[in-house]
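Chains: A, B, C, D, E and F, in written order; residue numbering restarts at 1 for each.
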Amino acid sequence: MTSLRLRDADSCRYDLVSLGEVMLRLDPGEGRVRTTRTFRVSEGGGEYNVARALRRVFGLRTAIVTALADNEVGRLVEDCMLTGGVDTSLVRWVPYDGVGRAVRNGLNFTERGFGVRGALGVSDRGHSAASQMKPGDVDWDHLFGAEGVRWLHTGGIFAGLSASSAAVVAEATAAARRYGTVVSYDVNYRPSLDNSDISLPMADVLLGVRDVRKHPDSVVVATTSRRVVSASRNDFGAVAWSPSTGMLKAADRPGLEVLDRVGSGDSFASGLIFGLLSGYPLQVALEYGAAHGALTMTTPGDTSMATAAEVVALAEGAGASVRR
Amino acid sequence: MTSLRLRDADSCRYDLVSLGEVMLRLDPGEGRVRTTRTFRVSEGGGEYNVARALRRVFGLRTAIVTALADNEVGRLVEDCMLTGGVDTSLVRWVPYDGVGRAVRNGLNFTERGFGVRGALGVSDRGHSAASQMKPGDVDWDHLFGAEGVRWLHTGGIFAGLSASSAAVVAEATAAARRYGTVVSYDVNYRPSLDNSDISLPMADVLLGVRDVRKHPDSVVVATTSRRVVSASRNDFGAVAWSPSTGMLKAADRPGLEVLDRVGSGDSFASGLIFGLLSGYPLQVALEYGAAHGALTMTTPGDTSMATAAEVVALAEGAGASVRR
Amino acid sequence: MTSLRLRDADSCRYDLVSLGEVMLRLDPGEGRVRTTRTFRVSEGGGEYNVARALRRVFGLRTAIVTALADNEVGRLVEDCMLTGGVDTSLVRWVPYDGVGRAVRNGLNFTERGFGVRGALGVSDRGHSAASQMKPGDVDWDHLFGAEGVRWLHTGGIFAGLSASSAAVVAEATAAARRYGTVVSYDVNYRPSLDNSDISLPMADVLLGVRDVRKHPDSVVVATTSRRVVSASRNDFGAVAWSPSTGMLKAADRPGLEVLDRVGSGDSFASGLIFGLLSGYPLQVALEYGAAHGALTMTTPGDTSMATAAEVVALAEGAGASVRR
Amino acid sequence: MTSLRLRDADSCRYDLVSLGEVMLRLDPGEGRVRTTRTFRVSEGGGEYNVARALRRVFGLRTAIVTALADNEVGRLVEDCMLTGGVDTSLVRWVPYDGVGRAVRNGLNFTERGFGVRGALGVSDRGHSAASQMKPGDVDWDHLFGAEGVRWLHTGGIFAGLSASSAAVVAEATAAARRYGTVVSYDVNYRPSLDNSDISLPMADVLLGVRDVRKHPDSVVVATTSRRVVSASRNDFGAVAWSPSTGMLKAADRPGLEVLDRVGSGDSFASGLIFGLLSGYPLQVALEYGAAHGALTMTTPGDTSMATAAEVVALAEGAGASVRR
Amino acid sequence: MTSLRLRDADSCRYDLVSLGEVMLRLDPGEGRVRTTRTFRVSEGGGEYNVARALRRVFGLRTAIVTALADNEVGRLVEDCMLTGGVDTSLVRWVPYDGVGRAVRNGLNFTERGFGVRGALGVSDRGHSAASQMKPGDVDWDHLFGAEGVRWLHTGGIFAGLSASSAAVVAEATAAARRYGTVVSYDVNYRPSLDNSDISLPMADVLLGVRDVRKHPDSVVVATTSRRVVSASRNDFGAVAWSPSTGMLKAADRPGLEVLDRVGSGDSFASGLIFGLLSGYPLQVALEYGAAHGALTMTTPGDTSMATAAEVVALAEGAGASVRR
Amino acid sequence: MTSLRLRDADSCRYDLVSLGEVMLRLDPGEGRVRTTRTFRVSEGGGEYNVARALRRVFGLRTAIVTALADNEVGRLVEDCMLTGGVDTSLVRWVPYDGVGRAVRNGLNFTERGFGVRGALGVSDRGHSAASQMKPGDVDWDHLFGAEGVRWLHTGGIFAGLSASSAAVVAEATAAARRYGTVVSYDVNYRPSLDNSDISLPMADVLLGVRDVRKHPDSVVVATTSRRVVSASRNDFGAVAWSPSTGMLKAADRPGLEVLDRVGSGDSFASGLIFGLLSGYPLQVALEYGAAHGALTMTTPGDTSMATAAEVVALAEGAGASVRR
């Protein structure tokens, strides 16, 4: 158990609500975006993926706060989100102009890489409905107050979309704090950006930072660590820090075989949050996060296809023998 | 033969150059955009499709003047255009900002329909590189003068993208006329828009108009006619008018079986232009256009997979017996 | 408006709840079950399909009462049902024995047919969890009383599974009547069975009967009529009867092009129920039912991929022109 | 019953043996050979298809006499033939030279056509092992004598491969006659060839001729008749003649919906031969042939996926209603 | 050579007959059962796989004794078995009741796993026709006596289906012994079951046991050994014991790359049996078994796609260079 | 910089022209040729692949000199070559006889292998149009003189097709030398053939030899080195020699993960030639070759899907981290 104070589940409609953009991911399978003639599609988004996994993998009640342009593409994203089990009633549907000049849906063309060829993604999300969200769009008091939410998750991908999306993050986290809702924020630090330390919102749980020891104001700070041996093989680990535990380390997974690495950081976050929401010690939550991140890399797409039982078993050291 | 005056082929690098947008078409096959999990992709665009068919079906030398954002999606469009055989050296590559805020590539999610369910398309082409083309981007004098072009094709889809694209159309057609290059313009008239009569550029050959008799300044005016019995069955015909021939009519094709109707108007245009470029009488060119439009509806995608021999045979009345 | 008395939407958690089996449909596409090497899968079930369409096509709040064996196949059915948007919280999960001796999930191998080759299906649903449901499994008083349901839909496919499933139907319909919930029952009459007149439960709306005039105790009686010209072409119509309107007839659709006819009767039911739930006159509801049934035959799978707007437009006489 | 004299089934190892070439068919599905990027493969060959259908559709014991080059492609053809249930022990395996200079396996790239676009095939079978078969390769006396065969089927496609294949046909039919084995020969007459009347072998049953009344030496003469309305719709019928019955006509099937017409003539032959082998009157056998030919056009590939029950039901006038 | 006494091939119709269940395997490819929308299908069954490989890989004459319900699914299993080349004339076809209450066909939903995610299978084979086989169903005296069989293979998967299937195993092995047919029995020991030592039938060759030294009554005892480094990488070996040779060990294959491990134990058995049937020393047979088991893990599905030449080459130490 | 003397780019229409055969490659994906039911197709050919990569990966102007039979298969090869961007105007189209007796198109059935199962290919290219090319077919003086070509690439695969193809190689290289065009020749040495030292044409750059130090007459000699750990994992390196540099070695890549190894030697050649054409030192060119060869093994098909930027980055030591 950490010192996080969680609202009572019975008094809350949702265990977790994510605030972020949901994009349509277009995936060329074992080929490349630039030469393919077919795409598989699924939905994905850093903050959303956490809500999806908490619902589908861990069985919690979650919702997504986002905006979508109301056209066939947006409805396809909704179709995918329904599969994900995430409550879509908080989605803001913005009328489409027939062309995509005023508002669009975000797209994400990403190939998985193989061996010496790294994974590669192109975002096509300018002018997305999510990036145009602004303070006042969402009635947070109704959501956190009347309905009740135990945990709010958001992060740096959404906050970085635009000035107004950053303002929505600030508005949402402030409202969450007023109602005792725990706030987690995934910086999604990437060395190429070095955006880890600028203007973070107050977050009880801070994820995806460069150095977990540099954020003493948070109750829990955690992140994955990865060495890319090749696109098909990563050394994968995770660390967490809290005032009471100090620095903790998850079991290392050297030479982890990778099918599609995208979304593993989000799965780390959801595994960890599941552990914390369930009242487990931080070390256990950290192992759940690391195991869930590892499992997500064994299936295509951004989102996790694992089960809670598989996460727990892997965290507890089970092997990959056939079950039948 | 019509009274079109054509530049000599030997003095021209290109038989035809199209000016227009090229989009990535995403096609869910026999399913629907809003519920699919896979898309086939190909390239398409009203003006471009004409250049593609003249190259691949009819064996002429063609090029496309357009602009694309330089990212993986743009390179995929290029990959498709290469398959189409169209010279891509006149494509203007615009640097991508990593997000799609400043410039993007146009996308077109289109399903083909079946029976009582009509075909349905969503354009996602706001802020596309093509829509941001502006006068001065292309050295028309070099193209029409130094290199030499027999025919310029453009139309209302591209002209309607933005004020600047309309200005590029005006600039291009004026330049073409200076060098004796024949100009065709496909209005792409649709009853829902009724945009057929506003501010057409001077065009020798005017296509896709509502009423072919209303444009006496053009040398040839032509259009298809279609009654949608169902998405899978159309009555399909075509008419043309010229000062010397008056009104002409192609063979009617009642109850034509349709797999994917998108692109049939463009194939009508390319068949007709092929006939005119080859010096055939307007009636023959018209039959080529109608036959090519009909054949295009028997294959998936916007673009034609027919051969010139098939077009000619169908125009001359051949049936659909097996050839082996 | 008919004389159906509907509970107020605000006092009900669900607009409609279906009681029935949900099977995994395995579809060989354009091939045949007996020679295929691949199947597409989706979920389906006569009663369930109605709840699914009312949620996904018409935007109402629906749930399914059923039972599933808790194994990977059952979880795949759940994955599909989530895509369908139907509330799955009333699903009864039965422990699996690892073999399928005690309890299983129903499977449905169905091919669509083409031309002179009729559609063909094989049910493999012996010992299914749904067929083993029995009175007392569901707390109907809680559902209809505490939660509130405006409409209960069930039918002869589920009632015919076993003596106990028939008893559950009787229990559910009796409970529904106690709470003022409208009851519809789809006999799913097929000439080969002639099971239309035996032991029907009391139903306000009776569907899929042989002769709509023979059930004067119901408020509305309706059914589709179909002449199978070929597997690819049906003459399709529908009739309804109510005491106040007498016999009504929907617009005939002769020669309707059919891709996959399975589920069209269920879509007729959901279109009609939508009309009645919305308070439209029976003639309008009947047209919605017929139009929705027709649209469902244009896509693969049991379930509808149409939109409410498309249903309304087709019911009002729109053609199948391309929309873009 | 016709006046065909059939050997007793108990004294024969095979009900029918076909002599002909088996090719690998490469099928681009709904696309075209010249632009596809994927092929489905199956095996096919005019004479072989008859043996396959008699085994898989009608349950008889059949074998194929042919030759294949012993490489991965030949083994793939074998894999397909095993699926077809035809006994492959009479296949002559010829060593491969690693290049295909001396001997190869026949290939057949065929697309199915749609609407106004006809089916189209390219044979690539020069130097095939089958075309190089020569008299003496097969021990016919052992086959017809020691093992016993009730019926030998061969035809003009194989006989036309080369002078030596024609000699093998002559050798085989002569041997068959010595042992009382009925001989059928499918001319595979096509108007473009007009090869129907030249040097036919003595055949008890003559198929695929231009005019069934011109071959009085045969016991049965039969052929299909077809009018190609479009590639997707044919008027389809069949006629037969025998000395005792005179001219007979099968039920006409106007406007038959066609998915893939290739192989329908062979299926006509197998349905007819099944009827004759079973001792049915010629009119019944003719109806089986016509019904089987019609059913084969409803599935992809050269070979039939029908069942004997479906053939009989269609021949007796059943419709295409769903069976479930 | 071992001291196995084999019947003469010329006096036997079959080299090997397997007794066991054949299921339809449904494989989601690189995805998971619980989230897939497509399955590839093939046939499989522990005992059957041995007969299939001996026929298709090693060229022997084999048959399967099993039972199937006579519906479209059973016919699909037959279609797959024909591809496998195994003689299906001994299959007992049981009438289907249209629902699957009395009798069904066994299904096997299995995913292959990847990296830290293990392979996972769900059997759905309750009430299968095979599990309902009972003594007296098969005329063993005719099979082993009149027709002649050199080797009978069966095992613990089939014996464990039901009391009556165990009785059929006892009946069959006793009959085999009467006629001098060698009997092999694959325990299919799995640590989770620990069923290795209970009530084994008398078997000349005993496979898949926990400890090869504990079965001194058998002529040969053998098993694979495996350490699951990950689902994609196994250390793979095999051991055998016979009275004359004592304990033997096959070449170890550490870090073997695995695509789909299911069926490797059966392929070990078939490779070993091939060696023994061919009269090779046990060490050679053991190496064939180990090599064949390893090769089977490089292709999808339960069944082997290897060739005898590849098995021999790998057993003799060949590498994985390209052959062309 | 090496001492290669290159013609000026401005005076040449092509940077490189390849002389060789282009075959249709049929690829069963993760399955095997002998058991597949689907093939993906693409074009490939040792010499051609170099021209393709120089155009599509490195942006140079390239053409192919080859011959194709003019049928649907040849047109499919053309469709693929257009995607490859290679100028097809020098292709010689030979009339097809409808059967493939006189002339055909080369086919190449190749599977990629996995783990202990090696890659495996079957060429079916006897009587191909390319193998029948003969001196005099091509006007080399026009090509090298009037049009201008900086570099001619050909090799031992084409030279080995026939006596006449070898003569065409001699004719072409002699002509190239007359016009100052650099000549490279890829021996494509394979240990099983040991054809490396016989009758090589005079080549400035000699590739794919057994021992780079044995060819002092060439300006540059280079080859890859490979140890096949398994089909999925190779140790991969490369060496080059020139009089001025002596022996050079590229960075070793031990344990390189391989998806499809076919074409890696050709990609080595194109990367090296790009470096040399760009005037880089031999060590840099060698690293480009090795990096390009490595990248090609990460995608399906013979041809490279890499970008020049990726080649350079890998050559300079970049890892396989995700780029997004």
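By definition in this document, a residue touches a chain if its C-beta (ideal position, glycine included) is under 8 Å from a C-beta of that chain, and two chains touch if they have at least 3 such contacts.
None of the values given here were measured: they were computed from a predicted structure.
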Neighbouring chains common to chain E and chain F, by label: A, D
Required steps from chain A to chain D (each step between touching chains, minimum): 2
Between A-B and D-E, the pair with more C-beta contacts: A-B
Contact-pair overlap exceeding half with E-F, pair selected from A-F, B-F or D-E: A-F
Degree value of the rotation bringing chain A onto chain F, based on Cα positions, nearest 5: 120
Computed distance of Cα centres, chain E from chain B, in Å: 60
Whole-Å gap between the CA centroids of chain C and chain E: 44
Centroid spacing, where centroids are CA-atom means, of chain A and chain C in whole angstrom: 37
Of all residues in chain A, the ones touching two or more other chains: 32, 34-35, 37, 79, 120, 122-123
Pairs of chains in contact (touch as defined earlier), listed by label: A-B, A-C, A-E, A-F, B-C, B-D, B-F, C-D, C-E, D-E, D-F, E-F
Residues on chain C engaged by chain E in the complex (per definition of touch): 26, 32-42, 71-73, 75-76, 79, 96-102, 104-105, 107, 109, 120, 122-127
Of chain A, residues touching chain C in the complex: 79, 82-85
Residues of chain B defined as touching chain C within the complex: 30-32, 34-35, 110, 113-123, 228, 230-233, 261-262
Contact set on chain C toward chain B in their complex: 253, 256-259, 294-295, 297-300, 305-307, 310, 314, 319-324
